[in-house]
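Listed below are the structures to be examined.
In what follows, chain A forms one complex with chain B and a second complex with chain C.
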Partner chain A sequence: MSIGKTTATTGFDLRDFIVKYGFILVTVILFVWFASTEPTFRMQNTLFSMLKFTSVVAITGLGVTLTMVVGGLDLSVGATAGLSVTLSAMTMVIYAQTGPVALIVVLLGGALVGLFNAFLIVVLKIPDLLATLATMFTIMGLKLVPVDGQSVSSGLILRDGSVAPGRFTEGFLLIDRAYIGPVPLPVAIFFSLAFVVWIFLTRTRWGRVMYAIGSNPEAARLAGVKVQRYRALAYVLSGVFASIGGLILSSRIGQGDISAGNSLLLDAVAVSLVGTSVLGMARPNAWGTTLGAVLIGIVITGLTIKGFPYYAQDVVKGLVLLTALIFSFTLSRRKSRFVPAV
Partner chain B sequence: MIKNKALAGITVVAALLLAACSQGTSDTATGADEGTVAEATGTKPAPFDAGPVKIAIVQNSGAGDYFQQWTNGANKQAEAIGFEVQVYDAQADNAKQATDMETAIGSGVAGIIVDHGQADTMCPLINKALDAGIPVVVYDVATAECAPQAVTTQQSDASLAQAVLDQMALDLGKDAKVGYVNVLGIAPLDRRHVVWEAIVKANNWSQSFFVGKFTNSVATDNAQLVDAALKKSPDVVGIFAPYDELTKGAVSGIESNNLQASIKAYGIDISNADIEIMTKEGSPWVATAGTDPNAIGAAVVRNMALEIAGQLGVKSVDFPGVLITAQFLKDNAVKNMVDLRAKLPELNLASVSGADWIPAVQF
Partner chain C sequence: MVSAVEVRNISMAFGSNQVLTGVDLTIDKGQTTALLGANGAGKSTLIKILSGVYSSFTGEILIDGKAVTIDSPTTAKAAGIETVHQRIDEGVIPGLTVAENLLFERIVSGEISRTVSLKTIVNEAEKIASALDLKWSKSKLRNDVYELGIAEQQMLILARALSRSPKLLILDEPTSALSNAESQNLFKFIKNLESQGIAILYVSHKLSEIEQLAKNLVVIRDGKIRNEQSSPFSWDLALKEMLGQQELGQRNNFDYIQGNEVALKLEGVKLFKESSAFDLEINRKQVTGIIGLLGAGKTELAKVIYGADNLISGNMKFDGKNYKPTHPSDAVSSDIYLVPEDRAADSMIPNWSIAHTATLPFMGEFSVKGMIKKVSESIRGKQLVDDLKVVTTSHEAIVDSLSGGNQQKVVVGRWLQSKPKMMILDEPFRGVDIGARRDISKRVRDLAATDVAVLVLASDVDEILDVADRIIVLVEGKVVMDVNAGETSKEKIVNKMSEVA
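Take a look at the complex of A and B:
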């Protein structure tokens, strides 16, 4: 506290400036660098396919952000998205149901996983990280049971020797493939959800209460907040967001790919953490997560077009995250506390 | 004294590290074959006459021995033709391959090669590319029905199976008792199965057992199955296992029953490890059929060039398999894939999908 007071001056403060705008600046610089050196990168098609690629990570990351706001962290989001892919494929291919039915089943599935997490954390008092880790493993295995560990696609031979009667419906496939004007539908969903989460967290009482719980659950409880209900709500929402991400994945792949969602967890957590550093907020927030996801998208797409191998991209992703954490924890004068203690 | 000890220690460690490195490189010696480029005699057609042509390779996975060699062959051939290649590697993530494909379509390339992937995922995007006027050459994805305008290429499972089974029929004659190790439901193995059934029927063989399962450790798990099957029917004279991991399992099963003198094993695929097993003294594995992933990658790129130039004229290209017997390997002192390519030029496929203006790469 005292350090903050002594260095604070009325003039331009470089440290404040870096903490506040550093990340946006890095994003802009990278964007300009890629756009000016790679003609492919600045095409509208590339930009939209980049945002489309980012949308699944971003939407799932928004769910993770909500759990981080209440001082938790949901490690089961990747598995939940994977479950959604299998669930939607089973509903349409094996049970020959329509796209809307698959959509409802998937969203309910996500909410159920969230409720299960909430049960473990709130009722059984298991720490967030451990509870959601257990859920992650359980779901990854459980989703393979009804499909015998196989990817579900039309023409699948079922256990009794018959051929699966259904297929991915045209309507369902449109989730990933449709456009609103020039904007791909997943990108529109991504920005709409980001907007909704922003309103929810900053403009509603519930959102502000959730931040209060995250910074001091005991104080919130003493102020009469039903802390456990809000924590449960955060996990249910996180499950639903992950299942929306899964819906888009499923529609993109067009079959019940059992490996889908495996790489999603780390990316989703990373963008939420990166998001904490945006505008010097030093706390999880919707626009931060959105910008974090877009930044990662820019980096991956740019480096791919530049011909960097995938492991170089992982290194860069790691450095981006590290930089963000330094902004949030080291440079920021606000006290950052959004990572759960085990 | 202490200094000397430390020095000695460092020397030993360094030597071990070096040894480890050199071991690593010899194991993957097939990973980066330079190849030799033949001379092109014809004049280049449009658009190749006007400088480098940009293409994209959209891969489902570039990792592993097979795919590394495939990509190496493709890159070498692309360089020789005058392609500027953008390789997208989805790291076996189907959703990422879909986005990669979209990026490739949007990047204004003259052609796209799709290497593996799921037909359900890739077909709509392949059609999108074709609609945008970008020719697409597909390797080993079943797109003939859902994207009929794309050029499909594949290593010919029928010819692989035919090559090795003709040898098996020659060795065993008619009316033999045989065993079979295969897993149905996997497309290439199903295609090999069709040839097997025809050969069994034509030679009036009796199939004493049919075992096989696909697991994380195919060779080990199938060794147990074959072991058990041979306990029951030790009088078979030949076993066909049309995938090298299955063949390895069959070989272990035969050896654990000490039946290598009376039972011959026949497989499909070839690698450094396979060559070692086949050339071992008294090995029951007498014949296999294979292709060279380097050569296939190169041939796929030649198809892309022909398609862009409007000279291909067909929508499906098969790369034939080549018979490789243990006797041939021993006679020619073949120790690894590099030796094999030198002794068996048919593996090169240099005559497949060529043109006088294309300098074919040979490995």
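Take a look at the complex of A and C:
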């Protein structure tokens, strides 16, 4: 590790610089490259559609970030988002309820999954990764039971032979399609939530305490912190965030696709992990997760416009994640303590 | 008596830190030699050298009068030295049967073929077990090792060590997880080993055990052998040598203050399942010093009062009211604070600044509607730095980057600043330089003068004499002395500490 070894006297440490700004630099370079070689990439529409595309991953990733802050990791977020898609479709199509009802059902569903995770982890003392893995499989299967394993869309034939009475409401479909000024609603939700999580983690007592728990739970406990309550809170919030991601996804697809959300887990965990390396913080943080999501959005949009095949995406995501992990673990001088041990 | 193992002029350093200096030690055949020393005295280094964990030492090891080279655990075993380490759970391999555990080393070394049937292994294991008078049936040997109780696991590890007929058996605090009855069984077993001519090196902090078992006693401090005795032992002398006679220069340059109002009352409190219950009153406006060797129950007492551990039996009253903390937060909200023994593990959050560390227990006070009051926090950090004379660049400095003494000032200071009613400090002077120790002592005494009940727990007599008005000696979970500091002496305290149950 010779990088930066001798530069202490000059006041500029290349290794520190790379650890701190490497990721932002890579993002900017890629952006400039795509923008200068592909005229379509420059258009405002492309930018916003890129952000819109990445918003589901980003919002879910923000929830994962919260669980990583307390030293855990929520592996059930993809399944929770998928559950939200099915729940919203069931509420509107099968039970012919309104959009707002669907919205409430979905958010409650997410909070309930979070509570269940918290129960497994805090009360039954199952390690975070294993508990949320079990939850993931359970809800992936469970959500199929009431819909007999079928995707739910309007005109669905029900078990008793009748036709499902409802459909996705216009209002619900607007979640993904509406704009606030020039900004698509999902992008606005994404940025607002990122801002809220950022404030929560850096400016409030709860965020501060959650970081303490993630770094040294025993020291936090002996300082009088109710560690288990905060861990439970993180999982409930993570469940709610995943269900918000699921809402947008459901509104985008416009039907209760049973495979929706399946690929979300890896992306959401990846952006949170990428986020830990931003600005050399070596800890999960909202700003990093946001930037991680945007970076992956840029790369994928750029590569798609450049005509790379779809399977190149996963290779690129993998490489981005790997680079981020090298920044966090290999190059950073700070000790990273945010990945839970099983 | 013939010596089994002789250690000549062994020295070892970690970098610039000299841990052992010219250690000579003779361990006789068929006898138990006890090794006594405080934390960091060099005991474990010596054990690790003998068991082949460390190889970068100077000096000679002789077995049966012949010099041997010990540079790895394998060569140590080959030379006839077996070690049973303190942690029992690290010695058994989960998921394997009792028999496989018993023969584990021989299976790994290939001495027993890896494809041999379990039946053969069980037969072989049975031979070993019966040779050691362990009445373990074949079906027991076939069980998973986790079905054994902790005492039986201990015996298993011992049996494994003995299956190679060692010349020297090293036992490192073998009773720390055992009950009294189980310990007595172990001692019978050890006596039996002695009669077979095995030399035993026994490490323990429990003087009563050493008294019962050992023929010879060796006291180590600061990497040197300070005292060697044969039974009957003078415990007074041994403890004095173990704890050291530090410069007694500025002792007691303070006026004792006599608290009389009771702050905390303990009734029928037990520190260990098998120790006896006691009552204790801790007074306001006084520094109460509790002293005891490792394992005497000091940390247990501190944690029970602070709500970090559950009370085994008995109850507590604080300010005349029932006090039943179930979580440290209960103690904190009663203004009872604890500075735990292990700074890095129990007080500090890695990469946190002085200011953040200072406010963590009082986040409610330092926030409005959840939003942290950055300005107040920063003022608190600065006050802490000024107040306790923390040597640092600023209150934003990372606590990990400070020296041990200054780290301690931060973790003590954060409680001092928040008006404690009772303050408990567990080994507050460990790894702290003399200057910081003086500063902390002074602050703690000033605090007591303002009507606060202060409890300082330590294993060093001088540290306690330097700070306390009242002195309580704990031995194996029992209060054996409770006097005013002005009416006692180091001699008397050491005497009490060395009282053998």
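We take it that the second predicted complex is superposed on the first by the 332 of 342 C-alpha atoms of A that agree within 3 Å, B and C clash if a C-alpha of one lies under 4 Å from a C-alpha of the other, contacts with A are read in each partner's own complex, and residues count from 1 in each chain.
The rule we apply is simple: a residue touches a chain if its C-beta (ideal position, glycine included) is under 8 Å from a C-beta of that chain, and two chains touch if they have at least 3 such contacts.
Note that the structure is a prediction, hence the values are computed from the model and not measured.
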Chain C versus chain B on the shared chain A, clash or fit after superposition: fit
Contacts of A:92 with chain B and chain C, given as first, second, both or neither: neither
Touch count on chain A, higher of chain B and chain C: B
Partner chain(s) touched by A:209 [first = chain B, second = chain C, both, neither]: second
First, second, both or neither for A:304, with chain B first and chain C second: first
Partner chain in contact with A:40 - chain B first, chain C second, else both or neither: first
Chain C, chain A and chain B - angle at the middle CA centre, rounded to the nearest 10 degrees: 130
Partner chain in contact with A:221 - chain B first, chain C second, else both or neither: second
After superposition on chain A, the shortest CA separation from chain B to chain C (Å): 29
Doubly contacted residues of chain A, that is, touched by chain B and again by chain C: none
Complex contact set, residues of chain A against chain B: 40, 43-46, 48-50, 52-53, 56, 151, 153-154, 157, 168, 173, 176-177, 249, 252-255, 257, 259-260, 262-263, 301, 304-305, 307, 309-310
Residue ranges of chain A touching chain C (in the complex, touch as defined): 203-206, 208-209, 211-212, 215-216, 218-226, 283, 334-335, 337
Residues of chain C that touch chain A when the two form their complex: 306, 308, 327-329, 331-333, 338, 340, 345-352, 356, 360-361, 363-364, 366-367, 370-372
Chain A partner contacts - residues on chain B that touch it in the complex: 86-89, 91-96, 98-100, 102-103, 105-108, 118, 120-121, 124, 185
